[in-house]
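Okay, so chain A shows up in both of these, paired with chain B first and chain C after.
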Partner chain A sequence: MWDQLLNGLVIGNLYALTAIGITQIYGVAGVVNFAHGSVYMVGAYIGWMAIAWLHWPLVPAILLVLAGSAAIGLLVERAAVRPFARAGSTILLLTTIAAGLIMDNAAQIIWGPQTQALRSPLPQWQFKLGGGTVSFLDLFILAAGVGTALLLHLFLYRSRAGWAVRATAQDREAALQMGVDVNRVSSLSFAMAGAFAGLSGLLVGLYFNNIYPTMGASATLKGTTAALLGGLGNVPGAILGAYVLGITEAFSVEWLGSSFRNLMAIVLLIGVLIFRPNGLISARRALNPEPTAGTFIPHGRPLRFPRWLLPAVTVSAMALPLFLSNPYPLQVLAIAWVFGLMAVSLNLISGTTGQISLGHAGFVTLGAYASAILTSRLGLPFSLSLLVSPFLAAAIGVLLCYPALRLRGQYLAITTMGLGEAISLIALNWEGVTQGPLGISNIQPPGFFGYPIVSPAGMYLLAFAVLLIGVWVVHRLSRSHLGRALRAMREDEVAARAFGIGLARYKSIAFGVSAFFAAAAGVLLAHSYSYIAPDTFTFALSIQVLTMIILGGRDNAVGAVAGAVILIALPESIRFLGEFRFILYGLLLIGMLRFRPYGLFNSAT
Partner chain B sequence: MSARVRFFSRIRSVSLASVVFTLLLTSCGISGTSTTPSDSAAQEAKSPVVIGVSGPLTGDNAEYGKQWRKGIDLALKEINANGGVKGRKLEYVFEDTQSDPKQTPAVAQKFVADSKIAAVIGDFSSPASMAASPIYQRAGLVQLGITNSHPDFTNTGDYIWSNTSNQKDDAPYLAALAVQKLNKKRLAVLYLNTDWGKTTTELFVGKAKELGAEVVVQEGYLSNEKDFRPILTKARDANPDALILISYYNDGALIAQQRDAVGLDTTVVAIGSVYSPQFIKLGGEAVEGVYTATRFYPGDPRPEVQRFVQAYQKEHNEDPDSFSAVAYDGVRILAQVMEQYGTDRKAIRDGLGSIKDLDTVLYGKASFGPDRRLQNPRFLPLVVQNGRFELWNP
Partner chain C sequence: METILELQDVNTFYGAIQVHFDLSLSVSAGEITCLLGGNASGKSTAMKAIFGLVRPRTGRVFLAGEEATHWGTPRRVAWGLRSVPEARRLFPYMTVRENLLMGAYLRRDRRQVAEDLEKMLDLFPRVGERLDQVAGTLSGGEQQMVAMARALLGRPRILCMDEPTMGLSPLWVDRVLELIQTINRQGTTVFMVEQNARAALQIAHRGYVLRHGTVALRGTASELLDNPLVESAYLGGKVI
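And then the complex of A and B:
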């Protein structure tokens, strides 16, 4: 009992270190920086090189890490943030993802993909507390976390530069008018955030004696959860959130089992946010104005093309299997159509309604599992399941999301990420129904009236047909009264409410329709893969679908499909690059956004 | 924005878009035209035989794909030095899939459409591999899974084969090692909660109970887990006399290290997947005295193993691990089948079923059984001593 409490505190200590960094960047830069985890990883590798290769003692190694990762932070700012600063903070989500992708892949090439041991040069001294131990490193991490938090606090509240940083975070335009050099402030914030990320990467690497190129992702997930629990931008809150998270996890391992650990962390997050939408420690009861709420992708210049082009492209896409005998491009495009369907459905939430959702994979998983279970257990034919499963998935999806719908902006985004993850964790743990980690195999191929559709051309046409239905329904919806209500919520929630739009109700309609088509995509994939497991549709998929609509342009079905085609076909078309493939992918992503920062196709409003 | 700037940005965006679309089109175009089968037999006789490899070279599982490649490179070098397959050179195309089920079907179609590909090796994880299996099965192209232990993997059809065991031999052997040879009666089993870990654990626990041991803790952990203190505390409180790890080497090393922090100092017995130089590199002193049983061990005195290990060390300057060994075996199995039965796709499938006494590193002389997996694996008990895996002779 006490031992588990101690375990919770020890791991909470590590979460706190990451959470402080994340909460600080949010406070000073107002963006959730998706490259944070990659800078964290690079910091760990810089420290590893200093300690394992150069045999430096810890303190100079830490200084090198601080300098090196601050430089990386600056580089990220110059390449992926500053050129897009005027285009709003959502585009930064995408450009920082791309920057992170480039760094992760470069790290795999430079240092190799395997895990490296990072032995702590600190004394191996430890003392016993009950049945557990606390080591010198644990205390060192605690001191580092609290120490840097204090330093940052002093900087922000006691220095002129800190003043400028705070002013810029509050209102960039106003700060600019008051003579603050906002570009320098932005550089400074990212350098500091980078230094902090690198330090936490090094210390967490030392704790686990273990670093690897993709280590950033899971660490920042925990850090973000802790920061959100405490309230974004609030340092004492982040520390408290981290310990609460650690202790909850330790006890859920004790009482429920280790597989429930992350599920309980998500339940904790949602439970806290329902009662305290701004986190555990929040000064104001009112919701803060969120930089992303309402300004999801500012308006840009729509791409004009002749009226006949769209029907022409559609017809030629439909006729493509007649001319193309090679199944490879057909398969790539068939997958692109299914992802196009996911993107179109996500667009209803994120483009039209302006709510960032990072949990779309959850809906896809729901649809896939519903159909796999209905067809293999209850013997439902595919044609019926394609209709029934999405309804089922949408109903469950809305029920799960409903408590989260009163959250806004980043809080909603992170919570949907948690929900998406929760759905696959339920699939993992509910073995009686889902067969747990074994997944469901031998799912029948799609087919109608006893005729299976197995040829690449058949799959292609089926996916394209379902995509067209999805586009048509979403298009009709967004042209209707409903679409106007959803757009009103996006532009101004308060004003929308004043006009009698029930926010939670309309958001659940948007989520419901969106979940329906995402689930339909899941049904198609489950039957064409023939095997699904809890890790078939991952968080990476949610991010990728979001990337598609940001690239394609907000609130625009054509853009969403184009985004899907580009992002699915691009990595296929640059296969000849081998390991460098995803570096070029990231560069091209940033390049495309550099020229169309509001997305390739964006709708005129 | 001035009209001039706007004009230029428009030009740039148009040109950028055209660059991207050209890339997309050329890729489809190239692969669309390059697949015309060569009907002239004379030409075919000179052209190389190609094996398609579908696996992770980037992403979370990249390190396993890299190990595969080292094993495959060595196998091909040896085969081609001995005249190749039926007088033709043997080559491979490694397509990176990140072990992602959205990319493996596309790669499968690419291989299927390419008449030069005689057979396919891969993919790594179950979701990625099994999403591609129906495509290989329908097209009649052999998919040889080299790391696929999922019990349903080979059930998709008669073109789906595997040279890895589905754990029905590994897990019971480990149970016998722990219960009979080490005489442990109260076992705490921690397993990686994936299809592999779950299957292995069930087989292990079944056998251990049959041999009279008691399983006091049986806990799965998530694949991205790093913090094992809570689960180890739980195991410690159940008072076991042995800790059983159904883990890969990365998480196995983490568990072994964190054991000390909660004061759990029982014997550790781990499944053969921990066998890797990485396990010792990452675990250090904490993995001293860990018992395991593997199908592959470089110190194995069998001549085929010694020959492989020496060749591998010469080629790559390091010891092979089990991932490079299965990949090496996979290529050599296909080469032996093609040499005897021909390089036609169907002939390879038939050959896999009829060939007897294949030369393999992991199994010695081996044949495929009715479940399309290699039969009768052999195991060696090992223990970590002084920072090395050593043969253990009880």
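And then the complex of A and C:
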């Protein structure tokens, strides 16, 4: 009991170091910085290089980490935040995600994807305290966390620059009119937040004795959770939130098992977003003003094609297997069609309805697991499962999302990310049904009436057929009364409601239809891979699909499919790009949002 | 009289929508100049253009004869522009004292600032009673006092006020107008944007009436007070 509390406090301090940065950046720049965890990861690697390669003692290593990760923080601000400062918070959310994606994958290329051991250069002694053991590192982490918090407090309340930070966070335009250079405040905040994050990354590496390139994802998640628990923008709140999170996790590990650590964090995240979006200690129940319109990403009009072009492309795509003897392009294109289906379905949420969803992988996972379980446990044939599983997944998906649908902008985006994560964590922990981390293997190949489809040409045609159905349904929906209602919500939620559009109801229809086709894509993938596990479809997939529709053009089915084909086929056809695939996605995302935010297949209105 | 602030043929846009059409106006040192106009006439955007918060597509801005068109907001503030923004815009989670000192953010003469702070408390006694209160909890009139004191602590060469009477009770409106007059008599140039034309013209020296983003009428305050066209300039509505 005492041991758990101590453990929770130590972890809480580590979370606090990331959470204060997230909360400070939110205050100054108005965005939940999704690249924060990546700065933390780079900080850990800088410390690892100093300790393991250069054999530096801990203190100079920490100084190097602070300086290096402050510089990385500044870089994020310059490349992904400053150019978009006037574009609105949803775009910033996407550009910081892209920056994180680029850093995580660059780290894999530079330092390798494997886990690196990080041995603490600190003395190894420990002592007993009231039934628990305390190590020197524990004390060091406590001191670092509390010390940073105190220093930050002194900075914010006693220094001129600190006042400028607070003033900018409370009212950017008013601060400008006092003569505060808000750009410098923004740089300063990113540098400070980066330094704290890097320190946190190094200390976490020392605590668990290892580091790896994707360690930042959970730091972003935990830091954001802690910051939300304290109320975004509230520094003392973030520290309190970090302790709440650390201690909750420690006790759930003790009582439920170690695999429940992340699930409890997600439950806290979603719970606070839905019930107290302004944090545990805030008196206000209403949300901070976010734009009433969904995304604030400029929308264009679909490009016009000659009438014959789309049917001609469709027919030639169907005839392609007749002319290709090499199965490889067919396999690649089959994958592209499945991703096209995901993109078309996400388009309904993020394009037509204008809500950023970062949890699309969750719907794919739901469909894949539903079908895997129905066909292997209950012996349902594939043809039936292809119909039933998406219905199941859509029903579960809407039930899960429904409470979150009154949230907007970044808050909804973070909730969808949390839900996506929750779905794969439930798959991980519900071993009786999902076989937990083992996953489900030997899933039957797709087939109809007892004839299995195993040839590349067959898979290709099956994927294409399902894609066509998806495109047709989404197209019909979006041209109907329903589509107009969804677009009205995108343009102005308040106005839409004033015209009698029930927001939650229409958003759940959009999420439901979207989940249906995402799940159908999941069914196709599960049966063609013949194996799925909780980590088959991850957050990276959600971002990949989102990139596809931003590339192709939102609210444009043709653009979505084209975006999928480009993003799947391009890295395959240019071999050396394979390793750089996700870096390419990140760069494309930032570049498109900067220079052609309405997408390749839309024109500006 | 020396011209201390001038807009020359300013054309401002929000995206594709044009707000100002060749807007020109000037403010003389030592006077109270008011910019009047109805809703959506471009008053507040004019204030933003003066502060560099909105960049005109064409046209020029001069501060005491020096071209400031391309200066950023902090530089214009450093020159001596200070604002009492629309709806006050106090820093809601800072105390009144901290808000006041933010007004002196660019000043390095700490002792002088402390003296000026004392003077402000004489000018605005209500503010002194609230020094350690968080600004977001003050009433509208009290916030207006703090916003004015905050701006004055920057020792402005021009005090710019965006709708200083907006949202105040009639009692407070009179009090605020009196204070503006007092401040001006002590030597500060005042430029104010107001919807409440009659009230503003009672204390101003000179006025401009803005309509559809361009100057419809201009003159001394007494000329404008007697001019029936001022009323019709307000989209057919009458001046309150």
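By definition in this document, the second predicted complex is superposed on the first by the 380 of 605 C-alpha atoms of A that agree within 3 Å, B and C clash if a C-alpha of one lies under 4 Å from a C-alpha of the other, contacts with A are read in each partner's own complex, and residues count from 1 in each chain.
To be clear about the criterion, a contact is a pair of C-beta atoms (placed from the backbone, for glycine too) under 8 Å apart; a residue touches a chain by one contact, two chains touch by 3 or more.
Predicted model, so just to flag it, every value in this text is computed and none were measured.
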Contacts of A:262 with chain B and chain C, given as first, second, both or neither: first
First (chain B), second (chain C), both or neither touched by A:174: second
Touched partner set for A:166, first chain B, second chain C, both or neither: second
Partner chain(s) touched by A:579 [first = chain B, second = chain C, both, neither]: first
Touched partner set for A:491, first chain B, second chain C, both or neither: neither
Which partner, chain B or chain C, touches more chain A residues: B
Residues on chain C engaged by chain A in the complex (per definition of touch): 51, 53, 72-74, 77-78, 82-83, 85, 89-94, 98, 101-103, 105-106, 150, 154
Residues of chain A defined as touching chain B within the complex: 3-4, 7-8, 10-11, 14, 105, 108, 112-115, 117, 119, 126, 128, 131-133, 135, 208-210, 212-214, 218, 249-251, 253-254, 257-259, 261-262, 301, 324-332, 335, 339, 428, 436-439, 441-442, 445, 454, 456, 525, 528-533, 535-536, 540-541, 565-566, 568-575, 578-579, 581-582, 588, 591-592, 595-596, 600
Of all residues in chain B, those that touch chain A in their complex: 6, 9, 12-13, 16-17, 20, 23-24, 26-28, 31-32, 35, 57-60, 62-63, 65-66, 94-96, 100-103, 105-106, 108-110, 112-113, 125-127, 130-131, 133-135, 138, 150-152, 155-156, 193-195, 197-199, 219-227, 229-231, 233-234, 236, 250, 253-254, 257, 260-263, 278, 281-282, 284
Residues on chain A engaged by chain C in the complex (per definition of touch): 160, 163-164, 166-167, 170-171, 173-181
